[in-house]
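Every chain is named by a letter (A, B, C and D) in the order it is written, and numbering of its residues begins at 1.
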Amino acid sequence: MTERLDVAVLQRRLADFATARDWEQYHTPKNLAAALSVEASELVEIFQWLTPEESARVMRDPDTAPRVRDEVADVLAYLLQFCEVLGIDALAALAAKIERNESRFPVREVPESR
Amino acid sequence: MTERLDVAVLQRRLADFATARDWEQYHTPKNLAAALSVEASELVEIFQWLTPEESARVMRDPDTAPRVRDEVADVLAYLLQFCEVLGIDALAALAAKIERNESRFPVREVPESR
Amino acid sequence: MTERLDVAVLQRRLADFATARDWEQYHTPKNLAAALSVEASELVEIFQWLTPEESARVMRDPDTAPRVRDEVADVLAYLLQFCEVLGIDALAALAAKIERNESRFPVREVPESR
Amino acid sequence: MTERLDVAVLQRRLADFATARDWEQYHTPKNLAAALSVEASELVEIFQWLTPEESARVMRDPDTAPRVRDEVADVLAYLLQFCEVLGIDALAALAAKIERNESRFPVREVPESR
């Protein structure tokens, strides 16, 4: 794969993939939001019985690591497809949010827990 | 904001943001996966009582559009923070998944529903 | 099964089941809430690509009907286990909520959409 | 409230509540499954940054305890409304599941972790 890893390129490939398979009919924003939340829950499922410490070591397990990567890919895929059908620029939305959060949660001189 | 909108740059800003506020202690993979799924559900909540047709028009509503963008930003923020703590390259994971799906779901001559 | 179908009885059987298998160590409220949300998402997954009309007919499909019943059972099981470890009376909580909602959403003379 | 706390009675009150407000039009199985998962996530949200130990103490906090009970009520309300529209007996489904799990996960002589 020589194509550069760029969000816009991946979003386009996902859109072409759906069009080629005539799946656009299923891709209402409502359905894609549901699918996104289902994939996020599949990620949670991997961690649900682990201690915080065990959860930090999941990538050392050769069976679990690819499952985690796979669920990350599924979440990102549905997020980008959702953004595609609604014309949302996910990176711009995140950049704007970070700006707002930097004002909303100023860094304290002596950091405290939230 | 003159900084280029790039996933790696945004992921770094999120990591610096958490470090500056001493929030890393909360950012176990288990907690971040849960937070991601909570944000994905907040996106679902916007659509839960809408018809498929209404769901396609949410960005025309001046009250709803910024909420949708905001939830997209939250989902992406937690996904990137999750990837940061586990050393996962989200775009590479998605590119690999698209490759696999292109083999797994070949385009039919006459497209049919899945 | 001659035992009467009663929430308190089922909650007790679930608690005994966990104790007998030494699973209580995993049953923190945090983990049980996560497991509950994972099961709720498995229910959503069954419906995610269906139209509203198709979703109303799922119990007529002999493959889907037992899956739906099974996910309902999983959601209820984790909800009751969650209530067990925190000493919450789920039915009393629901009755109190219904009372509050009856005040909060009075019936209009001419019913309108919310 | 003198009415006995019984699942069937509460399920009936919820159904009457929806009918009186003309909300049945929104209560497709698909929408109710989504609403159930949204409420389950609101329960997760309460716990998302807590340690396992903190999560075990939530009911001692006078601000958090009623929020937890309220989310339990919301989850149960949508579960029963989902069962109502599809004609599912939630308690029978759970009883059948417990029977199956008792065969599937036999108690070991010396209990071990799963």
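Worth pointing out:
FYI, a contact is a pair of C-beta atoms (placed from the backbone, for glycine too) under 8 Å apart; a residue touches a chain by one contact, two chains touch by 3 or more.
Quick caveat, the model's predicted, so the values are computed rather than measured.
A repeat of the A-B interface exists among B-C, B-D or C-D. It is C-D, with more than half of its contact pairs matching by residue number. Interface comparison, A-C against A-D: more C-beta pairs in contact at A-C.
Separating the centre of chain C from that of chain D, both taken as means of CA atoms, is a distance of 3 Å. Chain geometry summary: the mean Cα position of chain A and that of chain D are 27 Å apart. Across the assembly, chain C contributes 26, 31, 34, 37, 40-41, 44, 47, 49, 52, 114 as residues in contact with two or more other chains.
Note for the complex: chain D touches chain A at residues 34, 37, 41, 49, 51-52, 114.
Taken together, the chain A residues at the contact with chain B in this complex read 1, 3, 5-7, 10, 13-14, 17, 20-23, 25-26, 28-31, 33-34, 36-37, 40-41, 43-44, 46-47, 50, 52, 55-56, 58-59, 68-70, 72-77, 79-80, 82-83, 85-99, 101-102, 105, 107-108, 111-114. Residues 26, 31, 34-35, 37-38, 40-42, 44-45, 47-49 of chain C are the ones that touch chain A when the two sit in their complex.
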